[in-house]
Amino acid sequence: MEANAPIVKFHSVAKRYGDGALVLDGIDLSVETGDFVTLIGPSGCGKSTVLKLVSGLSPWTTGEVTVAGQAPRQARDRQSCIFQDATLLPWLTAQANVELPMRLRGENTAVRRARAAEMLSLVRLNDARDFYPRQLSGGMKMRVSIARALSVAPELLLLDEPFGALDEMTRNHLNEELLALRARAPFTAIFVTHSVSEAVFLSNRIFVMAARPGRFQAEVRVEFPCPRRPELREQPEFQAKVNEVSRLLHQVEGVEVR
Amino acid sequence: MEANAPIVKFHSVAKRYGDGALVLDGIDLSVETGDFVTLIGPSGCGKSTVLKLVSGLSPWTTGEVTVAGQAPRQARDRQSCIFQDATLLPWLTAQANVELPMRLRGENTAVRRARAAEMLSLVRLNDARDFYPRQLSGGMKMRVSIARALSVAPELLLLDEPFGALDEMTRNHLNEELLALRARAPFTAIFVTHSVSEAVFLSNRIFVMAARPGRFQAEVRVEFPCPRRPELREQPEFQAKVNEVSRLLHQVEGVEVR
Amino acid sequence: GKKEAPSPVTGSTALIKVRFQTDWFPEPEHGGYYQALAKGYYAAEGLEVEILPGGPNAQVMSKVATGRADLGMTNGDDVIVAVARGLPLKMVAAEMQRDAQGIMFHGENPLTSLRDLNGRTVMAGAGSVWIKVLEKRLGVHFNLLPLAGDLARFMNDKHFIQQCFVTNEPYFARQRGADARALLIASDDYAPYRVIFTGNDYIAQHPDLVRRFVRASLKGWTDYMTGDPAPGNALLKKLRPDLPDDFFAYSMQAMKDYRLVAGDPKRAERIGQLSSERIERQIKLLQEIGVLDKPVAEKDVVTFRFLPDDSWPGGKRPPLDVY
Amino acid sequence: MKRASAIWGWILPVVTGAMIIALWYGVRVVTGMQSWILPTPLEVLQAAVHERQLLLAAAGNTAVGALLGFTLAGVAGWVTSIVLGSSLSLRRSLYPWLLVLQMTPVIVLTPIIVLWAGAGLPGIVTVTFLISYFPVVANMTQGLLSTDRNLVALFRMSNASRFQELLLLRVPSALPYFLAGLRIAATLAPIGAIFGEYMVGSSAGGTGGLGFLVYSYNTQIKIPALFATALTSCLLGFIFVAGVALFNWAVLHKWHDSYEQPDR
Amino acid sequence: MKRASAIWGWILPVVTGAMIIALWYGVRVVTGMQSWILPTPLEVLQAAVHERQLLLAAAGNTAVGALLGFTLAGVAGWVTSIVLGSSLSLRRSLYPWLLVLQMTPVIVLTPIIVLWAGAGLPGIVTVTFLISYFPVVANMTQGLLSTDRNLVALFRMSNASRFQELLLLRVPSALPYFLAGLRIAATLAPIGAIFGEYMVGSSAGGTGGLGFLVYSYNTQIKIPALFATALTSCLLGFIFVAGVALFNWAVLHKWHDSYEQPDR
């Protein structure tokens, strides 16, 4: 896995929507190729906004954001995103929804079929392949969305609370699958979650964010070797890291709570 | 708190959507007044469907469901529901969304204002009162939805993964607020969650569900006294219960995973 | 003028196609042409005439002016106005000596002259020349309702007055039991022809076809009016299965009663005739009432050279054939 | 339950129809109106039976004009909206002029239509087209612009081309709007064709259409037959509307919320 | 950036307009067409200036009829859709008959309209109403039925009455549909009024509207003036459309996706 070329770079970025209050302020971030960066912080602190800036869906107010040295919008073909909502097209079946990004890239039908089937079985939805979104449960929708994002093997993956609607086992299973995928086809990830242990299990860098305005309060480096095995979760070093992050988070939120 | 009159009763209920496969089968459930019942189980096992049957939003196929002795639809004025999605009206501000159920009940403006403000501060959204849903983050939307459901002080509260999109501290805070509310104005609750510790902390009965078709695999009674304090989470009995439920869940899902 | 090459009138040569545009759906007011068609008068002249039925917005003059039809028929005023607006057209013969437009009213509420219209409400075509004539000449003003095409209001209201064709609407109103009467709009003062006209280019290129068409058409009209109209009517009925048989008789009778086609012999009017003096008068009138915004010369609107000899006043063709 | 519902689908409009007919008779009796203003339903029916051959032939002619005009309007409306929906600049450049086209009274264009398209069928189709085109465009364009912004974000993120965004996202999500527009167009097409016949028609080639009959019955004061013509035109319209409804069902029932609402 | 965008909003249609005018002249030159078929824009403008008094007075008359008819159509369309949207039975009972009303050619109803409403303004308003009513109903009804099912579930769960569900949920969520319908109605109202004047107008009390002028200029073959009349009618229409656009903005911009799309 090559490293060290910064793929995402924020240079003292601030962001406000319209003429509202500052949502992000003084954000500096440099994500190296191969990093698995996690953003964690209280609800509404601006995590999704950071991802929106990276993907060029919303303009920043001051500072500068680059992705692979380019403006974010120019670098979209390197990225794939799992949004906080499932955002499935209601007129397509689960299978067709998963195929969508490949279709947009002009992949041929056979490849699309095969890859979508593979991804659907990864998220354990083989049986729901022909269901329309309105026939899927909340968690199933989210899993289709995950399958869709993973289907294109991106260079940079943005994940906005992808596993929040899933039960623990499915969640752990998908955590592991994510790492397995990463071992096969390395990608850089920016990950948003509310689960500290998930953050520690998956990432090598965790940013703890504070709110009003959203800012990076602390960075925690997680140095466990890759590939990580499920057993890691049981080890005391792991628990220690989890506790460290939790403590930071409590500090941040303690400020937040009046 | 009066107890023992069953407020929700399922008698060997089965359910399928259209002419699809059975989604629920052989469901027997009797929720007593004052119960806090939690449903926990793999994604897609039918938890939301159970809630839909209770609220009369979807018809069951065989068996019988009654709420307070009546058909579910007749008993809707006793219920309030937090849906898995936030389902806010996009043309109303956060405040107006919270006021909505009170408006539907013909509450007068002053009462509505006051109560909505109270609920918004409970979920820590005072500052976002005038925001439209599209200006809210995912977690904020969900919190508005929670505030809305709690604003009417229902007899029976249905909660479908209300806290899934929230960070741990906000989540714990709301767990505690929920119990506090319950101590002040007792209500019966049917709660869906993926967090075992949340389930144990909040409920007196936990049903572990299995999938295909959805069914109740095990019931766990949680006998900790009420009101429960946050410190309970640190106690070994608590951890033991969590482990018990987790084990049951793993059994269930082990069957599920091919 | 240029010498016209005589064309074979009969014989083995193929018939020459001529498209003739009428101003309305096929009706007895077009009887002469259908008679000519039915009796083979056109064929006898070497013409294969196609009668293009009109309808609302038939745009007869534009069609002829742009070559979408070779000849057409309409109210004589219209041709004068059209020429003033720049359409390259000329009248070549009169189809009727008097335009058939009239005013229809109930017998219970009679009009004796057009002056009686003053202050009334009349359903009539907005912008019609005759309305302006009444206003300017007689000082008659009335409230105008647009001509929507229905007779129901007439039937429902004994005071209702509307524009009509004297050959047409009164029949149906009477059929339904109304005592419908009609007053011809044309008078000594204001007497528009109904004319056959064609484009200047067509005159220049096919003068002979024009002559033959006029000759055959007038023959058809003469035959239709004085002989047995059955052949022409048979053609018409095929095209208009919706019209009752009696109607044809009524129309014919009206054309005769009002001396529409051949005019009044006492004034030396004859079938097909176009009088230079009358047209001059008409142009002057139109100018006077402000319909023509620029002067028009008689020679721009009419040519007399295609009139058969016997259609000239006194039966003699004038020596000059300047137009 | 499904079955009962289907039966009610027939019974209810028939009951209302009966009430309307009763009202109709009532109006006749109370106002003492004559049958040349408002014939009774029975008279209309008798006239319809009596004139059935003329009516049928005319309806056939009108149907051809209406169908061609409608199809043209649907297709052209679809294409235009896609062009308009594809870029703000195009929308700004063209939409005002489309409005001009829509708002120019057909009566003014009649001479041009007759001369360019020709009287009879081509002119009638043109008029029908002009009348039913804009509702499709207006609706479909609104639909294209109302696409869920989260889905648009998905497409933008996936680096979809403008064309893909339009074709794979905006067009399907605008379908309910398009179909509402098409439904309006379907009701406009037959009256558009009749109006066309009334304006630029000619009776060339037979009986002419229903518009011609309207003229004819109007001058002949055959008012019951006139109403029978209107009835025929409604029936024709219903065929169009039914066609659109079927299409609507086929396209939307699997996924659109108008086809699955929670139980009351 | 906002500013530049506003300027482009003016420049682009003007540029297209210039192109259309160029094309117009081109057609004139190439086809050798005469001004009695297609006058040049300059001739039209000259005619407009020359006839400005007649045109202005007529436009005023037409505007009154159009505005009244439009308002009536908007309000009645709104109310009707709410009635239709409130219950399946009502929808089944009434919708087919609304279609019948919409599909009955106005030409057939003219005598009844005149008899009941009277010639002149009342009749014109009625015709305008009949023409612009249905698009509002069709669109708004589709909108009422397309409400997000999750939101409907919320209302059902909250034990909302049918009336509340309709008023607080379905009506606001149908607004974009309603407004699309209103936009169509806005373009139809002025031509509807002109058509109304053409059919049931009356010259009593003045010039009698643009419909009279159309008739009159047509008979007198004053083609440039005829086009000037069409131009006037378009300008009138633009005022209506602009009104609806403003209303649209006021009602939707705060929350509807058509007013906030992600950056490309």
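Letters A, B, C, D and E mark the chains as written, and numbering starts fresh at 1 in each.
Please note the rule applied: a contact is a pair of C-beta atoms (placed from the backbone, for glycine too) under 8 Å apart; a residue touches a chain by one contact, two chains touch by 3 or more.
Keep in mind that what you see is a predicted model, and the values were worked out from it rather than measured.
Number of steps on the shortest path from chain A to chain C, with steps defined by chain touch: 2. At the chain D-chain E interface, residue numbers used by both copies make up over half of all numbers present, so the two copies contact each other through mostly the same positions. Ranking C-E and C-D by contacting C-beta pairs places C-D first. For the pair chain C and chain D, the distance between C-alpha centroids works out to 39 Å. Remark: chain A and chain E have CA centroids separated by 49 Å (rounded to whole angstrom). Chain D and chain E, compared by their mean Cα positions, are separated by 16 Å. In chain E, the positions touching at least two other chains are 37, 107, 111, 115, 148-149, 153, 156, 198, 211, 215, 218, 223, 256-257, 260, 262-264.
Shown for chain A are the residues that touch two or more other chains, namely 56-57, 85, 134. For chain C, residues that reach two or more other chains under the stated contact definition are 62, 66, 149-150, 152, 156. Residues 148, 150-151, 153-161, 164, 168-169, 172-173, 175, 254-257, 260 of chain D touch chain A in their complex. The touching residues of chain A, counted against chain B in their complex, run 17, 20, 40-44, 46-48, 84-85, 124, 128, 135-140, 143, 160-161, 164-171, 173, 194-196, 246, 249-250, 253, 257. The part of chain A that touches chain D in the complex is made up of residues 55-57, 76-77, 79-81, 83, 85, 87, 89-91, 100-101, 103-105, 132-134. Of all residues in chain C, those touching chain E in their complex are 61-62, 65-66, 78, 81-82, 85-87, 121, 125-128, 143-146, 148-150, 152-153, 156, 291.
Looking at the complex, you find that chain D touches chain E at residues 8-9, 12-13, 15-17, 20, 33, 36-38, 89, 92-97, 99-100, 102-109, 111-112, 115, 134-135, 138-139, 142-143, 145-149, 152-153, 156, 162, 176-177, 179-180, 183-184, 187, 190-191, 194-195, 198, 210-211, 214, 218, 226-227, 229-230, 233-234, 237-238, 241, 256-258, 260-264.
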